[in-house]
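As written, the chain order gives the labels A, B, C and D, with residue 1 at the start of each chain.
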Amino acid sequence: MAEYTSKLEQLLEEGEFVVCSEMGPPIGADPEFIREKCDDLKGYVDAVNITDNQTAIIRMSSIAAAKIAMEEGLEMIIQVTGRDRNRIGIQSDLLGASALGLRNVLCLTGDHQCFGNDEDAKNVFDLDSVSIIKACQQMTEEGKLINGNELKTEPPELYYGGAHNPFADPFEMHMMKLEKKIEAGMKFIQTQCIYNLEKFDYWMEEVRKRGLHEKCHIMAGILPTRSVKALKMMKKFVAGMDVPDYTIERMEAADDKKAEGVQMAVDIINHVKEIEGVRGVHLMPVAWEEITPVVVEKANLYPRPEV
Amino acid sequence: MSRIAVIGGGIAGCTAAAELAAAGQQVLLIEKEDSLGGNIKNYGCKADSLCTRCNLCLVDSVFNQVHQEENIEVLFDTTVIDCLKEDEGFTLITSSGELEEQQPDISEVILATGHTRWSELETGTPEIFRDERIIWASDFEDMLEGRQDQLTGQNLKFDLGFEPESAVFLQCNGSRSLQEKARYCSKVCCGYNYRIARVLRNNFPEMDLSMFFIDMQEAGFLVNLSREDLKEREIDYYNCKPLRLEKEKDSLILHYEDQQRGKMATLETDLLVLSEGIHPGSNHERWARIFNLQENEDGFLRTIWSPAESGIYLAGTITSPGDIATTMAESKTVAYKLLENKLSKAKV
Amino acid sequence: MIVGKLKDVAEIKEMLPEDIESLLIIGCGTCVSVSLAGGEREANSLRDLLELYYSSQGQDVRVNATTIKRQCDDEFIETEELSIEGHDVVLSLACGVGVQHLGIKHPEKIILPGVNTTFYGRNADVGEWEEMCLGCGDCILDDFAGVCPVARCSKSLIHGPCGGSQDGKCEVDDEIDCGWELIYNRAEDTGQLDRLLEYEGPKDWSTYRDGGVRSHKNPEFFSE
Amino acid sequence: MSGSIEQYDVAYIGQALPDDELSQVTIPVSALTECRGEIGDFTLSFQAEDDLKQVRASNIVINLKHQEELPVDCCTSLLEAEANLAEEEEPLIIVQDYQDLSAAALSKEGLELALEVKESNPAREVYYFYQAMRFMDNNDELYEKAREKEVIFLKHDLGDLEITDKGKVSYQREDIKLELTGELTVAPELKPAAKLDKLARIFNITRGPEGYLQVDNIYLQPTLSGKRGVYLLAGARGPNSLTYEQEEIQYTLQEVKRNLTGVEEIDEEERTVDDQKCVVCYTCYRLCPHGAIQRDEELNSMKIMPLACQACNLCISRCPMGAISRSGEDEQQPKDERQVIICENSAALAREKAETDPFADTVVTEVPCVSTVKKEEIYQRLANHKSDLLILGCISESCKHLTGHDRCEQVVNTAKEDLEKLDLDPDRVNYHRLSPRMATDLSAYLADWKGEVLQ
């Protein structure tokens, strides 16, 4: 087995509290767009997710975009969904990503195409998140494809994770899916963004009871917002989002909404940092990417450790 | 062949007559007016945008049935003045104008002469209520019957000489008052006025509507009145009877006790709609005498002897206040009971 | 049962040739009758509607309607052969199977579809149907407490719900039940939750249309 | 098994009614499995011990208790309370209308309880909390007497009434402030009897919005179910069935007895299902508002039960195979004049009430229910005649066939949509609903309509 070169993996294994962030590739073919975004993040985060046609809106391929970003010196996590490619396409892409030096993969089922602009498209969903994780595991650890055939050259070197929503109901059903992902070999998870801390604490308690935090690294999702409207929209329209009324009230009461949004994110980070089993945070400001460094600094997570 | 006499051509009498005739009996229906229908002859539909289940839809087919039934003979403009007991059954003495007649071969009598409305009584309208802005709920009937809002989409037309922007419904007039010789609850007025209030609400969304209740009643088999329902329709609810009425030039002012706050309060309105209690019919003394019946303390009638033996049956509001649906159901029951008794008598 | 839905009459009008002289509408007396899409009632009222339309256009078109018990079997069609040949165009209100079967039997006739074949479903209420089966050719209901993840999950997921499942509803539409919650609840009720934890591997789709156009023979009726 | 099946005048589902003259059988809801046949000859199957038994009955009475829900724990239900006549010191507290207004029957129970206690023990305090005293029978007398006997009546919607989990009652209204403990009796909320969904399925009758077996329709009063010969009482009937309990029982028993003297078909027409055409899709079975359709097991076809059928013709207009026909179907098409289809239970009655015939110069087709109207009939009439078509049905809850109004509206609406899609004028067909008492409205509307049509 070749030596791991994933920086994300090294930090997590060394016990560092990790900071990840997120970036959407352009709707277009301009590499500069990505390079500019990289400048803002450099030094503030340990790894950056690059989305795979998120919400079914066509963007530059996540692997291509990640390669560009990696050349700028960032550690990248490519997202892979099962919506647009079948098992042939996905495995082939994963081999390619590894060959390009992209070692981190976030395996997702994918949003239904009805959320995007191509509702008429035929979806694939040949592999779901569990199967993609399994495919990564088989290729990386056994040098095999899903069909059982051996790879003919070096196997890929992948560090693969998944997502989970601690707030989805019914709780047990979603826990079952989480356990299946871990069983399939998932190394880390990034959670849905957290506002309801009581519920998150309860989830972590259940996670610890089952010993899941020892089998995979958990990163808590953080979504800084700057308006009441955004919070209300999320509460209403984003499936599985749990935004308690007190959060909305807090934002309503604030004079400087932006500062309050940052402070709220920082408070949540400080809270989850103390929870046993939480190994990092995943920042995903929507349309407010420039705030990431501010939050990182304010939460005393700057500077980031070197490997 | 002997006949069954039904006295009273309102919905109670007609329902019973129609049932008896359908079962093959000969029926003599005696009505004091010149047409069938009694109190509800010219009532109007009380649907708002939906049916409010006033049950008027049920009655016209019954009246038509009586008209068409060959087994029913109807005497209009006729009253019964005496009843002679024969060996078998009765002979009724009827009067029509100057003319007195004998109606022989009557096997049974169903007495269904209904009630008097409080508004029809002299005492019903004391001085204080004599005002064009104060009307009886039943004054709406003509407006309802003549309205053109369901099909042609016009508003109900007020026939008052003015266009009220607010209306207050005052429950328990001629009921639950010793003064008014009716200590009892007439039971039907809450539902009746509620339906009218709904029609007003539907026709005039902007109108201020309020109802004063002593105790809100159910409104028949199918309708359960509730405060939530009134609230939903924006009809204000007052759980008391106003204490004083003041008549100003621009409005009527009702003084009532706001018991929650323990203070007197006032409510202004353009129109005051009085509910009307159901009172015993005017001929009850005569019926008691000639048919050997008893008046209860409220003046309604009850039988002393079992109808199976006496052959005298009572149907409808002659026995107590009731709405259309209850009256129809009870009248049917009376007709069936009579038929059953007749059948078992025949067997013996 | 195969469930169908009568096509929008405007679409039907558009697909009919402009110079049409005679049209035969053929209802089907099996599945699409039961799903209230293409039985005699629909055939007759479509006939009357199109007659009304053509007469309002001043166009002289002979429109007739008939209903065949089962359009996907030769024997039933044969009785209508003359009638079919006697019209320019045939509008079939059968499912896609019936439309094509008519085409095979009448190679030179224009056969048009009047019904959209929607799915294999059950009757949920009078006039309401729900998809239950995809016809994937490899039934796995035994693994999923009797609720099909392939037909009843909008993403056909077989390893559990996606994150979009909320309050028992699917992320695609609040009107759609989350198939996985149905599976989970039934597995719980029937004591089969542990089976859901097993990893199934990706589904074998070769028995579905991914394996090519399908046909099969019952060996009891064939000799080597 | 047939031949030897016992035959009864009436089968009770739930509790039997006292009557010496009727032969009767009682079947618990839980045991009942099937009901076939129609008025005069129902066959009921039920589980008796380990066997499946069958009985025949001419009538069916479903008489089940309401389910009761107490708004607070640690109190007695007013329907079950027995007067405690011992020398009690602690007060008796009666509460009605704690959430919604209670039915009049509960007022009666409450007043009787209060009086009984007061009469045997005048010194004992009796508190009666209520929002509205509901009257039936002799409630007014009882209420008067209770006041004379110094029962303390307090309207709680005019103040704040709170009952704690431990049964402590506090009441506050302007200057009155009470903290009470004692024997607490509360009016329960009445809910539909248990297992009514099962009975609705077995008897093929529609349930009302609250879950009772009677839908809100004036033609079903007082105890009819929509299916001829099946009667509903108490917790099967409706929320205020206890108010009229005695009247309802009397009515039901009398109806049952009348039915025994013979039941006739509703009209002379014959409605038949062509068993060669019927695809047993159950559409008619599911739609029939009168539960009058069953499957003929021998023919494997649906069949219409002639006595149960109430002649609304909905099954005919909705059968996907056109398999149902009636002998009196009017083949005659009206001439090229204004055409109106009216329901005999509403517009036809209004027509008679009107001073001058609103339908003069109009070709009128009178139907037993507007659900008779087929979609194809609408198109045919529009095609054969230049004139418009007007259909007049009843208001929903006063439709004798329960669903006729809505069913016709559905057909007309889809017809209008289709006309519009073909750029034909959708306003050539119109649908309205009215009651028999809307003669003036009808006359005015028709005058307008004729005017428009003539233009």
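The criterion applied here is as follows: a contact is a pair of C-beta atoms (placed from the backbone, for glycine too) under 8 Å apart; a residue touches a chain by one contact, two chains touch by 3 or more.
The model shown is predicted, which means the values in this text are computed figures rather than measured ones.
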item: Chain at the geometric heart of the assembly (C-alpha centres); value: D
item: Whole-Å gap between the CA centroids of chain B and chain D; value: 23
item: Inter-chain centre distance, chain B versus chain C - centres from mean C-alpha coordinates, in Å; value: 59
item: Cα-centroid distance, chain A relative to chain D, in whole angstrom; value: 57
item: Intercentroid distance (Cα basis), chain D paired with chain C, Å; value: 38
item: Where chain B touches two or more other chains at once, by residue number; value: none
item: Contact graph of the chains (line, ring, star, complete, other); value: line
item: Every chain pair meeting the contact rule; value: A-C, B-D, C-D
item: Touching residues (chain side chain D, partner chain C) in the complex; value: 277, 279, 281-283, 286-287, 318-323, 374-376, 379-380, 382-383, 418-419, 421-422, 424
item: Chain B residues touching chain D - in the complex, by the definition given at the top; value: 23, 43-45, 47, 50-51, 53, 55-58, 60-61, 64, 144-152, 176, 183-185, 187, 213, 215-218, 220-222, 224-228, 239, 259-262, 325-326, 328-330, 332-333, 336-337, 339-340, 343
item: Of chain A, residues touching chain C in the complex; value: 83, 87, 109-112, 114-115, 123, 125-131, 134, 146, 163-165, 168-170, 172-174, 176-177, 179-180, 183-184, 192, 239-240
item: Residue ranges of chain D in contact with chain B within the complex; value: 100-101, 103-104, 131-136, 139-140, 144, 155, 157-159, 173-175, 216-219, 221-222, 238-240, 243-244, 247-248, 250-251, 254-255, 257-258, 261, 345-346, 349, 352-353, 394-398, 432-442, 444-445, 448
item: Of chain C, residues touching chain A in the complex; value: 154-167, 171-173, 180-181, 184, 193, 196-197, 199, 201-203, 205
